[in-house]
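Okay, so here's the structure we're looking at.
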Amino acid sequence: MSLTVTQFAGVLNRIADRISERKEYLCELDRHIGDGDHGVSMDIGWSAIRQKLRELESERDLGALLQAVSLAFLNAVGASVGPLYGTAFLRGSAVAKGKSELSDEELAEFWIAAIGGIRQRGKAEPGDKTMIDAWAPIASSLEASLADDEPWDSAWDKAVRAGERGMNATKDLVSRKGRSGRLGDRSVGHVDPGAASAWLIFSTFVQAHQEAQTQS
Amino acid sequence: MKKLINGPDRVVDEMVEGYAAAYPQYVVQLTGSKRALVRTQLRKGKVGIVIGGGSGHEPGFMGYVGRGFADGVAVGNVFASPSPDPIVAATKAVDQGAGVLYMIANYAGDNMNFEMSAELAAMDGIRTAAVRVTDDVASAPAGDEEKRRGIAGVVLQYKVAGAAAERGYSLERLVELCGKANRNTRSMGVAVSPCSMPQTGKPAFELAEDEMEIGLGIHGEPGLVRGKLASADETAQSLIERIVPDLGLASGDRVAVMVNGLGSTTYMEMFIVFRKAKQLLDAQGIRIHRAHVGEFVTSMEMGGLSITLMKLDDELAGLIDDPADCPAFTQA
Amino acid sequence: MKKLINGPDRVVDEMVEGYAAAYPQYVVQLTGSKRALVRTQLRKGKVGIVIGGGSGHEPGFMGYVGRGFADGVAVGNVFASPSPDPIVAATKAVDQGAGVLYMIANYAGDNMNFEMSAELAAMDGIRTAAVRVTDDVASAPAGDEEKRRGIAGVVLQYKVAGAAAERGYSLERLVELCGKANRNTRSMGVAVSPCSMPQTGKPAFELAEDEMEIGLGIHGEPGLVRGKLASADETAQSLIERIVPDLGLASGDRVAVMVNGLGSTTYMEMFIVFRKAKQLLDAQGIRIHRAHVGEFVTSMEMGGLSITLMKLDDELAGLIDDPADCPAFTQA
Amino acid sequence: MSLTVTQFAGVLNRIADRISERKEYLCELDRHIGDGDHGVSMDIGWSAIRQKLRELESERDLGALLQAVSLAFLNAVGASVGPLYGTAFLRGSAVAKGKSELSDEELAEFWIAAIGGIRQRGKAEPGDKTMIDAWAPIASSLEASLADDEPWDSAWDKAVRAGERGMNATKDLVSRKGRSGRLGDRSVGHVDPGAASAWLIFSTFVQAHQEAQTQS
């Protein structure tokens, strides 16, 4: 199985739609422990991606497309998530450089690279109550599946479930990074908004990827 | 919340355009990067100072571009750090060969976006250095000072750094000075009513009629504790009692004081709070060198205020006294 | 409305005390009359300017005592003219032998209290003259200009008169100048949310979520009409469309512009409104000589803003440009 | 019938109490057509009078007492009502100068002089929708009663009723003076707050005066 440039763009558009639908929910989470804008920032960023994808409809190099997507997101958003996802897409674009189609293995490597970019940019550790708590288990799960040559159908689902567990676990964590990093105990009891959107992105990706397979 | 705007998605661009149109004697909007404003007159050889942050803190941060303050500002979305694009554009525009100082309020977003900008500026051969303002005593315990966020104390630190840059300090001396200024600045605030994001219209938090939030951030981030609404005098006292020991102030010390309104708090309230703060400082033998009462770094229409103290040595006192001329802070 | 105060009956005295404590470099509080503040440095032979009005308009009117502005201010209760006692005390304290100019915003209370004060000052051999600011176009139709009330336009008129007094204008020339300045100044405002008196805690008026009040006074007095909440651009347009013809502005004219926030309106909104106002003036060939955007004369925590235009000839433009230094208005 | 200094002071205290009771009502009227502070201003002024009366308990010269009362009111209030009632008490004090007791005729003259002071200071005409619309009919009524040698019991009541009619008539007037002077038609439909407090003062005076007679 694989995703062509066009399919990959379609998947990104699906994610953009999903973020837009869940904008208010993500803001609500951020109001509890942050400044209430996470849904707005993500929506601005993914709308910029949607716009950029329209502009570059004829681009065949997925690496070039993802590099443009990275800059579009970064410059439209700023905030915390701009550099984090900007870096993620940039690192991911290296995996896709010169390619017009990515296999499942390459898609996994794309995500592992992207998540590495987030970790490097944000310097957050698992347990800090950030998006890393969703992304890190996803990356570990994908790495393990790659190493074990696991069938991709179950591998993607496994990664989704690992991310979901990580996201839900943020509820009981004391925040240590980002805006909520000063709340101490008052941050306990709420899912981290960045972890919630991370899982939203990844699970939508997996779903759209699997649908693209059945359609093709 | 009713707002006189044309649409939530247009507020920042239209505000920046309006600001630049109002103050052509102070700033120009860069054509390539409209979220970057740069001083109309730049002086060869002076270290450039670039500041920035999210919108919603007006007159900060745009208002602090001018003589004796910053040379350029990058404007982010509401409560969101600017992206590297305007930061880098401002950096290039203000660099006069002596390097550029970034003054950052220590939020994750600002830190990362300015960090990326520094990397990009370096590729263009521009030397930058970044200093972080961490004045909010409520945001991390003593010992963890470097984790604290910057709130209204940024303004007094802009003032000091801006004056020093005018005096001809090098980038290295400015970094050193900012370190000292930051170690000697502490703030803390309270909120009595929330602000709301233009895009969501939802209040950032809910407070009962008889409640206040103590130690909150300037983006409506929840604070240290929620307490009963206190009187002006009690509020001043609880803030001063946190700030003074954290700063290690003792009798005979000199301070600059800032009472900063968060948006809908009246000057009346600010002056009443200042009155008590001064009485408390007087009683401890701490001398007010200069006071500033007004709106310097707001949180849109949030109700509440913060108190900032900067402990002054002769160097800092002199820099605090230097003339300054920018729309948000003019001193003859 | 939640306020950080110590008790509604103490707000004004504590505010004045706090103000004087914050700005000893600008004002002294008269010991005999604590509601009177007088400039720290007075210049022999200069005409004294005494202003005043009710509290609740901060930073007005106390904030306008300083170089290039007024010499003394009398502070009334909330939304109530000061009594003759502080007015007369300020008059005596600022008189430097050249007479004293009273600048009044043309409210019944201010008119009567300053009138009585003039009589009392005359008994002490002090020459006074009073000028009235009547800039609010919404408050009476053309032809009845002398019935209009003064709103934010007072600030630009203080600016002009204060600069002229520094330049050495005589009392007679100042009266003449103020007449000209006033004939060339027009303002109009809107409110989107009410303020409330500290003593009653009741909102001055009620507005539905989708309503605004057009042409209201700075004390929450009902305005001309109540309308649907408009966008920033529509608001700017409706204000500019009333002001420009009333002032008889034509292509080629020069104006000073002030966008004044009434209390809880954000700078963001003010700049967005200014942006449109400038576009409209540009389109008519009216040139903005200088703009001021901020909180100059508030109505406590009222939401809304006003626009003021002053048509400038060379004399007025020069006076608008002169340096000034008072806490609410410093210009280098 | 007459009022001694002590009785007069008692009457003034009664008025002060009444104003204090009706403070919120007077503010409410002022919110409709003015700035909502009329009750507050009047209460501040009459509290200052109460305070001054306590200080001058041993003052026997009613004229001196009223002069002190005038200044106390004026300086405590400012506003519109400070100069208006300050002048009223000052003019009234001239009638009482050197006296320690006022007859009904002198009391009527006190009010006529006081009301003359208000008219002179405020330059409002009947019909302008101000306190003058209550005070002017009171003065006319008292003048007529003086000229006709009418018995005082009915004369005072007549004046109260004249004032009441004048006050109520302000409801239908278009405001022309004071803060409400720019409201135009929007001022119609609400009693003028200053007229309301004027009638409150005068009717309380008459009631307390009459009670003082039956008690003495």
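A, B, C and D label the chains in the order they appear, each numbered from 1.
Methods note: a residue touches a chain if its C-beta (ideal position, glycine included) is under 8 Å from a C-beta of that chain, and two chains touch if they have at least 3 such contacts.
Everything numeric in this text was worked out from a predicted model, so none of it was measured.
Compared with chain A, the chain whose C-alpha mean position is the greatest distance off is D. Annotation: 54 Å between the Cα-based centres of chain B and chain D. Mean C-alpha position of chain C lies 32 Å from that of chain D. In terms of their C-alpha centroids, the spacing between chain A and chain D amounts to 75 Å.
The multi-chain contact residues of chain B, meaning those touching 2 or more other chains, do not exist; every residue touches at most one other chain. Along chain D, no residue makes contact with two or more other chains.
Interchain contacts link the chains end to end along an open line, per the touch definition above.
In this structure, the chains touch in the following pairs: A-B, B-C, C-D.
Residues 24, 27-28, 31-37, 39-41, 44, 74-84, 86, 121-122, 177-183, 186 of chain A are the ones touching chain B in the complex.
Those residues of chain C that touch chain D in the shared complex are 54, 76-85, 107-109, 112-113, 115-116, 138-140, 147-149, 197, 199-200, 202, 204-205, 217, 219-222.
Put simply, chain B touches chain C in their complex at residues 2-7, 11, 14-19, 21-23, 25, 55-56, 58-59, 63, 67, 190, 192-193, 209, 212, 229-233, 235, 259, 263-275, 278, 290-295, 298, 300-301, 303-305, 323, 325, 327, 330-332.
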